[in-house]
Amino acid sequence: MSVTTKAITETSFYVRYAETDAMGVVHHASYLVYLEEGRSHYSREHGYSYAQFEQDGFFLMVTEVTVQYKRVARYGQQLTVRTWLESLKSRSLVFGYEVIDHATQSLHVTATSAHICMSKEGQIVRLPQAFTQQLQLVKRIS
Amino acid sequence: MSVTTKAITETSFYVRYAETDAMGVVHHASYLVYLEEGRSHYSREHGYSYAQFEQDGFFLMVTEVTVQYKRVARYGQQLTVRTWLESLKSRSLVFGYEVIDHATQSLHVTATSAHICMSKEGQIVRLPQAFTQQLQLVKRIS
Amino acid sequence: MSVTTKAITETSFYVRYAETDAMGVVHHASYLVYLEEGRSHYSREHGYSYAQFEQDGFFLMVTEVTVQYKRVARYGQQLTVRTWLESLKSRSLVFGYEVIDHATQSLHVTATSAHICMSKEGQIVRLPQAFTQQLQLVKRIS
Amino acid sequence: MSVTTKAITETSFYVRYAETDAMGVVHHASYLVYLEEGRSHYSREHGYSYAQFEQDGFFLMVTEVTVQYKRVARYGQQLTVRTWLESLKSRSLVFGYEVIDHATQSLHVTATSAHICMSKEGQIVRLPQAFTQQLQLVKRIS
């Protein structure tokens, strides 16, 4: 999957006051919530929401996250999370992210999150084909 | 101030996974963050954002909150916060809220939050007139 | 139930950085998490933990919270939550709380939370007798 | 710095209900708050609290975090964060962490966080010597 064809979804929102800390900026843990909403948006936009995924009896457990913080963000600022599928295997996948300023497009955060597919019974299982097919759709989504 | 003339703003968003708890529903503390975003939206829509308010040297400290929980909400559900100015005095104000389902309009939460105006130096001060004038604008905002 | 006989439990902890906001103080929603930990501690100390309660097939849904904020708290400050049973009915109960400074005992927050007992199937049911008996134990717990 | 001489601090706490999510386990972002409390505890135990550090005019900005999730944790479980100084330079430092079960010592999470030292004015500056000296104390702290 080349950069030119990969699907990237973008979702924008205002920084909430509760997401800031005593430094006056967005707390570093808040970005994990933004990334999570980025992949929620990604799956909704690809036509197979994560809510549906769980109703179908599966979970995506987080096995690793890496986050690089480049620039602070503040309350009221409008941020955009750009999300894409970095890699996909039979039982696991990795999402890539950028968090940018909505207006200036300046880069705030780059990140990845790795996940394995679990059944309700707690077993590591194959990702359902319907899900992986939807997630790989490469038409540009706005 | 009658129902027909008060300004009510509405902001909608998807429930984020991090906002749920082990009961499988939105954690009751998450609604305080929704209400806060409701009043952020209210002030933005009225042309005097709370971010501006703080830059002008003021804070709105929360002095009381009351929340009635009517119905649980779940991950992926789209909620709407309806926010209005319940009362306004020289140094304090009260916001009223409803959190409803975006699609069905069913009621999830009713709430109020009371605030006093503080200066940067920590003194209780009068609300700046420019702010109170903007907040009272009664034209319907969507 | 008189003040002289009611059981009050106390649990202390340091304010975490993530619990503060851009005002430099503990965010008002963080106190709901403190109260929740207060009642978790209350039930553990009374010999019937809330974790056990859920394993036994019940949930305590929050139906209402009221919080009065008296004084701000800051990162690194050690706080104590004092928790007691305010009232108890067959299907519902109310907890009362004070959040105080651990060292000076100065009062930061007073609060109440009301709850109803739900079965796993989502029905409102009677509180299990073993639970209510344990929760009403009046010997002083430290 | 060898394993035998490095200082490791340990702080233990109960998982709070608000820290869980709809999977029934601790949300992956909650661990960043645990790690932060781990380094707060580390600096308190070394005699130069992070609260003092900020009062002295400095901030430790997070520049990177990496977290590996090995095992889920649940509400009411008692966890321990083990924290140590992984590396130290003139303007930056890296903390290492393990989150383990308090009772069984089983490993839940391994992590690192990198930080740079900022002045109140937003400039990258040298870590104050008093701070770095305290943080490197190698006597075993329990």
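Annotations for the structure displayed:
Order of writing sets the labels: A, B, C and D. Residues in every chain begin at 1.
One rule holds for everything that comes next: a residue touches a chain if its C-beta (ideal position, glycine included) is under 8 Å from a C-beta of that chain, and two chains touch if they have at least 3 such contacts.
Just so we're clear, the structure is a prediction, and the values are computed from it rather than from any experiment.
Interface repeat of A-C: among A-B, B-D or C-D, over half of the contact pairs recur, by residue number, only in B-D. Of the two chain pairs examined here, A-D and B-D, the one linked by more C-beta pairs in contact is A-D. Look at where the CA atoms of chain C average out and do the same for chain D: the two points lie 27 Å apart.
Each chain gets one centre point, the mean of its Cα atoms, and the points for chain A and chain D are 25 Å apart.
Separating the CA-averaged centres of chain B and chain D is a span of 34 Å. Shared contact sites, meaning residues of chain A that touch two or more other chains, fall at 17-18, 22, 29, 32-33, 36, 54, 74-75.
Residues of chain D that touch chain A in their complex: 22-23, 28-30, 32-33, 36, 54, 59, 61-69, 72. Here chain C touches chain A in the complex through residues 17-18, 20-22, 24-25, 27, 29, 74-75, going by the rule given at the top. Note for the complex: chain A touches chain B at residues 13-14, 16-18, 32-33, 36-37, 40-41, 44, 49-51, 54, 74-76.
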